[in-house]
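The letters A, B and C name the chains in turn, as written, and every chain counts its residues from 1.
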Amino acid sequence: MIHANEVTKRYGDAVVVDCLSVTIPKGGITSIIGPNGAGKSTLLSMLARLLKMDGGSVTVGGLDVTATASDVIARRLAILRQDNHLSARLTVRDLVTFGRFPYSRGRPTLEDKAHVERALAYLDLGALADRYLDELSGGQRQRAFVAMVLCQDTDYVLLDEPLNNLDMKHAQSMMKTLRRATRDFGKTVVLVLHDINFASWYSDFVVAMKGGRLAAAGTVDEVIREDMLREIYGMDIHVHEVAGRRIALYYE
Amino acid sequence: MRALLLAVLVMLVLACVSLLVGVTHMPVWAMLSGYDDGHAARILAISRIPRTLALVLAGASMAIAGLIMQMMIRNRFAEPTTSGTVEAASLGLLVVTIMAPELPVMGKMLAAAAFALAGTLLFVQLLRLVPLRDPLMVPLLGIMLGGVIHAVATFIAYRFDLLQSLLAWTMGDFSGVLRGRYELLWVGGLLAAVAWIAADRFTVAGLGRDFTTNLGLNYKRVLALGLVIVSMVTSAVIVTVGMIPFLGLIVPNVVSLTVGDNMRRAVPWVAVLGAIFVLSCDILGRIIRAPYEIPLGTVVGVVGSAMFLWLVLRKRSHAA
Amino acid sequence: MLPDRNARPRAVLLLLAALAVGAGVAFMTLGAKGNWDFVLKFRGLKLAGLVLVAWAIALSTVLFQTVTNNRILTPALMGFDALYILIQTTLVALLGTAAVAMLDHNSVFALNVVAMALFSGLLFRWLFAGEERSLHLLVLAGIIFGVFFKSLSSLMQRLLDPNEFMVLQDSFFASFNRIDATLLGVSAAIIAAVSAFVIPMLPRLDVLALGRPMAISLGLNYRREVSLVLVAVALLVSASTALVGPVTFFGLLVASLAHAMVGNARHAVLIPAAVLLSVIFLVGGQTILERVFGFDTALSVIIEFVGGIAFIILIVRGAVR
C-alpha cells in the first residue's frame, strides 16, 4: 500500500500539488490521470522521494520514504522517469545489471546475474542484450529501462508516462507486460498515463488529479464516468461499453 | 522623454566629475583661484578632456555595437566579446603590427576591422550548423570561438614577443588617453549615429529573414551593414583603449527590460547608459586606490560579469 | 560478462600504459647532456610535477562529468581554478603580504585548499543539487563565474599592490615549465589520498553516471555522494592549479578521448584510461615542444587551441543535450 498524506509541493507562489491525500492499494495496476499541469508527475516523483515535499508524508508498505535509508527504499520501490537520456554509453545488459545495485552494491553475484537474465528474457530482450542503448529504437530502449526496473525486484514499480513515444503496437505490449508482472510476481505498478482509454482498459485502480488536488480515486467503474470526466477535464466525454469495458470518446 | 533628458544630465555631471578627478589635483579649482600658470589648463586640454570624450564615445558606441549584434544574431546574449569579434580584431591588429608596423593608426584599425568582420561571419556560419534549441548555446559557441582565435593570437604574440600589446588590447585602460591619441573613437561615434539613422531596418532584421523579405527589405544588405558597423566600432575601441568586456551585453539588456526592443527608441538610451556606465567605472577606478589607477577593464570585468550572471541566473524564464 | 568485452578495455589500458612510460623515458633522456646525476634529478622533479598535474586534471574532470551527468562540463570550464586563484588572493589580502611571507609555503597552501573545498562545495551544490537547470545555462554561468573570479582577483591584487601587475598576470596563464617544486610533496599526498578515496567509490560512480533520478531510485544517497565528489574535485583542482596555474581545456580533451577509446562507461576502466592519456599528452607534448621544437611555454596555448576546437565540434555534433 502506498499512502500519501497531505502531500504538498510549491514552486515559489505556484502550488503544484496541494495538500493531497490518497491511498494506492497493494497489487495490480494503478493509473494516475488528469489534464496537463495537474501535478501527476510531481506527485509520482514525491512518492518515490525524487522530489522533496514541502509538506505531508508518504509511506510505501509502511516505510516513510523520506525517513528511511535510500537503499532500503530501493529494494522496496523502483521508479522510471519519462526521459531517460544517458550520457554514458551502455549495453542493454549493463543497464539491466544496474537494477541489482541495491543488493550487490556494484559487484554482481551469480544470483544477481540470474536475475538479470530472467529480466532480459521477461521483456524479450535476449537477442539485444549486448547491443548499445543508442543503437536501439525508442520502443526497444523503453523495454530495456523497464527490464532494469523489474530487475530491481521491488514490490512497487512507478512509471512516469511509459507509453510516451511508443506506437500502438509497442504501447499495447508494454501494458500487457506490466499487467503480466502484477499477476506473476504480485507487484504493484503505478503509472502516469495520458490516454484515458489505456488507463480504463488495463487499470485496477484509477487516481484522477486536477489542479494539484485529488479529483477522484477508485475502480475504473467509479472514475471513468461521464460526469467525473467532465469534472476532471472540463469537456464532454462520452463513455461507451465495448466488450464489457469502458471506452471514452471525446473527438467531437 | 523626460527620463532620457534626466539620464543625459547624469551623464554630463559624470563627465564633469571625470574632468576633475585625477592624479593632478583639481585644475579647475586652481584656474578659478587665479593661482594657475596655465599648467592646469594644459592638463585639461591635453589629458582630461580627451579622456572624458574617449570614455563617452567608447561607452556609447560599444553599447550600440552590442545592441546591433543582438538584433543581427537574434539573441539576447550576443555582443562583440561573445561572438569572436573582439578576439578576431586583436588577431588582426597583431598581424598588421607584425607585417606592416609603419601603417598609420587608421590603416591598422581598418585591418583589424576586416579581421573582426571575418571572425564574426565565421561565427554566423557556425551558428547555421548548430541546431539551436537553446538560446544560451549562442554565447557559449561565441566565447569558445573567441577562445580558439585568442589562442592563435597568443601563440603568434608569444613568438614575436608581443604578449604585452595583446594584453593591452584585451584590457581596456583609459589612463593613456591623450590629445591626438583618441580621435579614432570619433569614427565609432559616427557609426553609432549611422546606426540610429538605420535603426528601423535593424529592428525589422531582428525579427528574421522571412519577416524582413516580406516587408521588401534586402535582409543580407541590412545584416552586412550591421556587422560592418559592429566590426569597425570594436576595432576602433580596441586600437585606442582596449576591450571593454560585457558592456554591449549589459546595457542593451537593461534598456530592453525598461523600454523594450524598438531600436529607434532604444538607441539613445543605450548610448547614454553606455556612456554613464563607462564613466562611472572609470571614475571608480581612479579614486578607489588613488594615486594609482585601476584599469577600466578590471573594474568593468567585475561589475560586468556580476551583472551578466544576474541576467543569466535571475529567472529561468528569461529565454531570449 | 562476456570475455571479449573486457579484453578490449584491458588492451587499451596496456597500450596507454606503455605509451605513458615511453613518454616519461623520452622526457628524461632526450637531448640530455653533461652530468647525468643533475639531469635526472632536475628532470625527475619536473616529470613528477607533470604527472601529478596530468593525474589531478584527468581524475577531477571525469569525476565532475559523472556527477553532473554530461560530457562537456569540466571543473576548469566552471571556473574552479579561477576560484582557487581568487581564494589565494583573498587570503593574502586578509592576512597581509607580510604574514603570508612568514608562514611556510605548505601551510598557506593547506589554508587555500580548505577554503577552496568549502567555497566550491557551497557554490556548486547551490548550482547543481537544486532544481534541474539547463546544461547550457550551467556552462555559461560557469564561464562567467570564471571571468568574475578572475576580474575580482586582479582587482584585489591591484588594490594590494598596484605596481606589481605582471606578477599576477603570470598566475592566470598555465606554465608547465615553472612547476612549483616546494608543493610537490603536499600535492602528491592530496592526489594520492583522493585517489585512494575514489577506488571504493567506483561502482557508485557508475550509478551516479545514470543521472539523478535513477541514482536515487537505485538507492544512492545522492546529495551526500555528489557533495563528496565535489569536495574531491575541489582538492584535485587546488593541487593542479597550485602547481602550474589554470588549464582550461585539457581535462575536456582527455575525458572525451577516454570515453571514445574505452567505449564503455565503467569507471574502473575509464578513470585509469583518462589518467594515462593525460600523462601521455602532457609529458609527451612537453617533450616534443621543449626538446624537438625548442618552444618552452607554448604547450598551454596549444592545449587551449585544440581543446577549444574540440569543444566547438562537440557542440556542433549535438553531443550536448
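Quick note on the criterion: a residue touches a chain if its C-beta (ideal position, glycine included) is under 8 Å from a C-beta of that chain, and two chains touch if they have at least 3 such contacts.
Predicted, not measured: the structure shown is a model, and the values here were computed from it.
Chain C has the C-alpha centroid lying closest to the overall centroid of all protein C-alpha atoms shown. Comparing the centres of all chains, each the average of its CA atoms, the largest separation from chain B belongs to A. Taking each chain's centre as the mean of its C-alpha atoms, chain B lies 34 Å from chain C. Taking the mean of the C-alpha atoms as each chain's centre, chain A and chain C sit 41 Å apart.
For the pair chain A and chain B, the distance between mean C-alpha positions equals 54 Å.
Annotation for chain B: no residues touch 2 or more other chains.
On chain A, the positions that touch chain C within their shared complex are 45, 48-50, 69-75, 78-81, 84-91, 94, 98-99, 101-102, 105-107, 130, 149, 152.
Contact residues of chain C toward chain A in the complex are 2, 5, 65, 69-71, 202-204, 206-207, 209-214, 216-222, 259, 263-265, 321.
Contact residues of chain B toward chain C in the complex are 77, 126, 129-131, 134, 136-137, 139-141, 143-145, 147-148, 150-152, 154-155, 158, 167, 245, 288-289, 292-295, 298-299, 301-302, 304-306, 308-309, 312-313, 316. If you check the complex, the residues on chain C that touch chain B are 133-134, 136-137, 139-141, 143-145, 147-148, 150-152, 154-155, 158-159, 162-163, 169, 248-249, 297-298, 301-302, 304-305, 308-309, 311-312, 315-316, 318, 320.
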